[in-house]
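Order of writing sets the labels: A, B, C, D, E, F, G and H. Residues in every chain begin at 1.
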């Protein structure tokens, strides 16, 4: 397939899973463009008030930040051929599940990436996915397979 | 507005929030049909294997159950004018966030219903909602307002 | 045509144009359901904080109100076969123009209703409309024509 | 994100806000293509009759002009990832609000840009936007943030 | 099939083909609602200026009329399950072909109804149709077949 | 759920699986409307030429028949909330697989119904389904579950 | 606007209007790609049987040809930003009107190009267009205007 | 037409039909990108368990494989302008018919490629196609015709 693939990497920002997928994609020389949210936690939380002005109430600070981040994430998900959604050990990561639902309704292909312990809690999300991975390297293997030229 | 409203109640199944909304809607005589997932936890978890046959692996039992439940929930969400998504104190409720993302991409109106302590974790979901409620009665008040005839 | 028509009446809330259309539709016995926003100005401005709690900043009071009103207006516009958008002599009525653009992108039929003095300022909106009316009675005449059984 | 962003600049044509955004984007070397309507007021008003022939009635002159301009603006909005809508101090700018509604129904990301005094009149439009800016430089800052590579 | 079918009858207004289909549907007691344009030629041509005011130029008289008629026809085509498009011996009937293209792009089922002599000129339209009929009674027979309960 | 469900029964026409589902639905008193293709094999094969005129070449006889049947089946599938696709022991039933693909792209919920021996050959179709059933009674059980009122 | 425009030239194939638009676009150096149907009349009529095998009945020869041509025309129209539809003095050109309806339902911008004598017969098509031109050079002028960089 | 065409080659993987189309396209120097599923039968069957881990039950091995293959095939079909679907002499190839239905609902142009003996069994699929070919070279001839520059 001559055309490059666009893959959005959604979810957990506290481990190096994106870097591992990037490294695997680069090493294999895949025709894949990887996008994602801003992963600098503080920058992501503060982007709204930093650009648009301070807020006294935390809820409106969060609203402004979520708005600015949505410009980036919604655009990238809509352009993506495939969305990889990572759920880590900690945190609730409702935004990852939200992204998965959003991608599902748009008819995007979805890969989930999470430890086995979350299988039951993520059963609805996994049922909407084409593949459930445990390790970033499995995502890379799938990308190799689906982009292979014959 | 002569036409009845269809409202889907998504999320937490361990408290009586759906009953309280139902009671409020009935008391006010609103032209609103309320739908939702099967809220009998055991029935919901077991529906796949109970109907389609047992599975040895929990992951495939869950997959079968998620598939059967998706017939109900996806159909109801697509028919809904409005989706109310409840996040409770406990559990990860990724399926609620998934439903919210799904509804958002379909262009549905969304109301979230959750305690203040989840404001930050739910900021992306709240930013996609038309209203953030704390109490079921607030959902009922909104339904009164939006369905009022003049 | 056996099926009832759904017509959304958007825009100016300071004159009796809606009542005149309602009266004309009733008098002619048309198979038409008329919907619209809440036209009690104070109730519309205050609905957000009245139901969801007070805000110190006017901008967030307005945001809450706009969210609640959007539940009503977006739902009604999406269900409408035809959207009538009224621009009056006073006020900027950006929300009316917003509704018109929203309806246009959804492929809805649009009728504008405004005095001649606004012709130039509304030229883009009028170009997206099927008809430009000056008087509510003209809207009623169109409804008679388009719903007539032969 | 490797792909270039397409941003449509809608609305007021009497101040230099577009130039300021263009300058900021150029200075920062952003991967952003900026489009917009024809901003030469006379050319925009006259394009219909200049190309398609004169009209005696102003309303039909305007209709012809609006049609030709719509070819440009509708095409650009549909291709845009993000629509920035500017409301100035003067003029009614219903076409800006129309563009915002059109973009909203297409699911585009929207940024509004207007002085605080219009907050209340624009509350419905702002509620559909991801961000409300006061200054063109804030739009540039958002573009930097959402297009940043990590 | 319990649900009633909605069938739009587009095209030629100079022969009694609609009446013959109506009679056949009534006689067979089919669960079918038939809609169509206003078939009173003068009323259809004049509806724009009659309701919205006179025009000096014929082209703008026609534009006004086409706008008002589009409210009726577009709404009915979008609601239709099936569109029957009739091309008669005389007249160019470009609006019939336009309706067929419009219905095709919406994914509607199409039946064409025309004499054999138009086969070549209508080959693109016929290729987009599910059936090519010569007589109104054939349309009735198809309606019987497709709505039959088993 | 107050609203009735619309379920399309696609595929094999040589066994009594549709009758068994109908009987189960009737016995349980479910709010479900069942639709399907014409299952009289000869009538289905001959409908095109019987209504539209004879053809010498079998391929064009088939084309005419497929066109007429498509009016019924496409309309019913588009209206369906759920599509049940049955693959029997004999025949290739490519039209059943076609219906499944069509329903999948429309975002419909799908249930497949086939013996275990076809698991491998139907793996792509089953992966697009919410449930894989072996017996009609299992379809009835799913319908009971998804339509249950609480 | 940096991106190239895609313009489909539909309709009459007996005059040099396409060449004149091509020449004007080339002379002005516009960023516009022009596409269209195969305009060699005999090749267009025969393409079906020439590639797929002879047919005895003219209607099936036409069907095969229409199918092959549809691959080209439907693909090009769907990719187009703008569709120019030409109606000439002779022939019925129902396929041009069909293309216009198809483009209208897809939300494409449309320009019609025809002599004044067809104004009344084309009133529905013109009402769906952004501009009505008499001469190819007017189409070129519009393309200059809508693609102009500022 | 300046833009390259994207053509997806679906179906039978046991003969050299894809190679023959590739060779014809290359020889003619067409602006066509050809994509398709992984055609190494064993690799295709095993991709799920090879990447995502072994399964004891064949049905879940197949489910995993179908999921991974769907990432490739769904993405490629959605990007395709044209889908060629090949049905061979042997095997049931329900996935080919599924792909055809999927492409049809997306509004893609379809070419079927199969021996005459399957005409009757494939009549529904052929009726949704723009052309029915017997030989790969016919597909190449169509590609030459539809991509020809004038």
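Here is the rule we use: a contact is a pair of C-beta atoms (placed from the backbone, for glycine too) under 8 Å apart; a residue touches a chain by one contact, two chains touch by 3 or more.
Computed from a predicted structure; not experimentally measured.
Taken over every residue number at the interface, the positions common to chain A and chain B amount to over half, indicating a same-residue contact.
Using CA-based centroids throughout, the chain positioned farthest away from chain E is A.
Using the mean of the Cα atoms as each chain's centre, the chain most removed from chain C is H. The chain pair A-D and the chain pair C-D differ in C-beta contact count, and the higher one is C-D.
Checking A-D, A-B or C-D against G-H, more than half of the residue-numbered contact pairs recur only at A-D. One finds 24 Å separating the Cα centroids of chain F and chain H.
The mean-CA centres of chain B and chain C are about 30 angstrom from one another, to the nearest whole unit. Chain centres here are Cα averages; for chain A and chain G they lie 42 Å apart. Counting partner chains per residue, chain D shows two or more touched chains at residues 67, 70, 107, 132.
Chain C meets chain D in the complex at residues 58-59, 62-63, 65-67, 69-70, 87, 91-106, 116, 118-128, 132. Within the complex, the chain C residues that touch chain B are 6, 33, 35-36, 38-40, 43, 47-48, 51-53, 64, 67-68, 70-72, 74-76, 78-79. Within the complex formed with chain E, the residues of chain C that make contact are 1-3, 5, 81-82, 107, 109, 111, 129-134, 138, 141-142, 145-148, 150.
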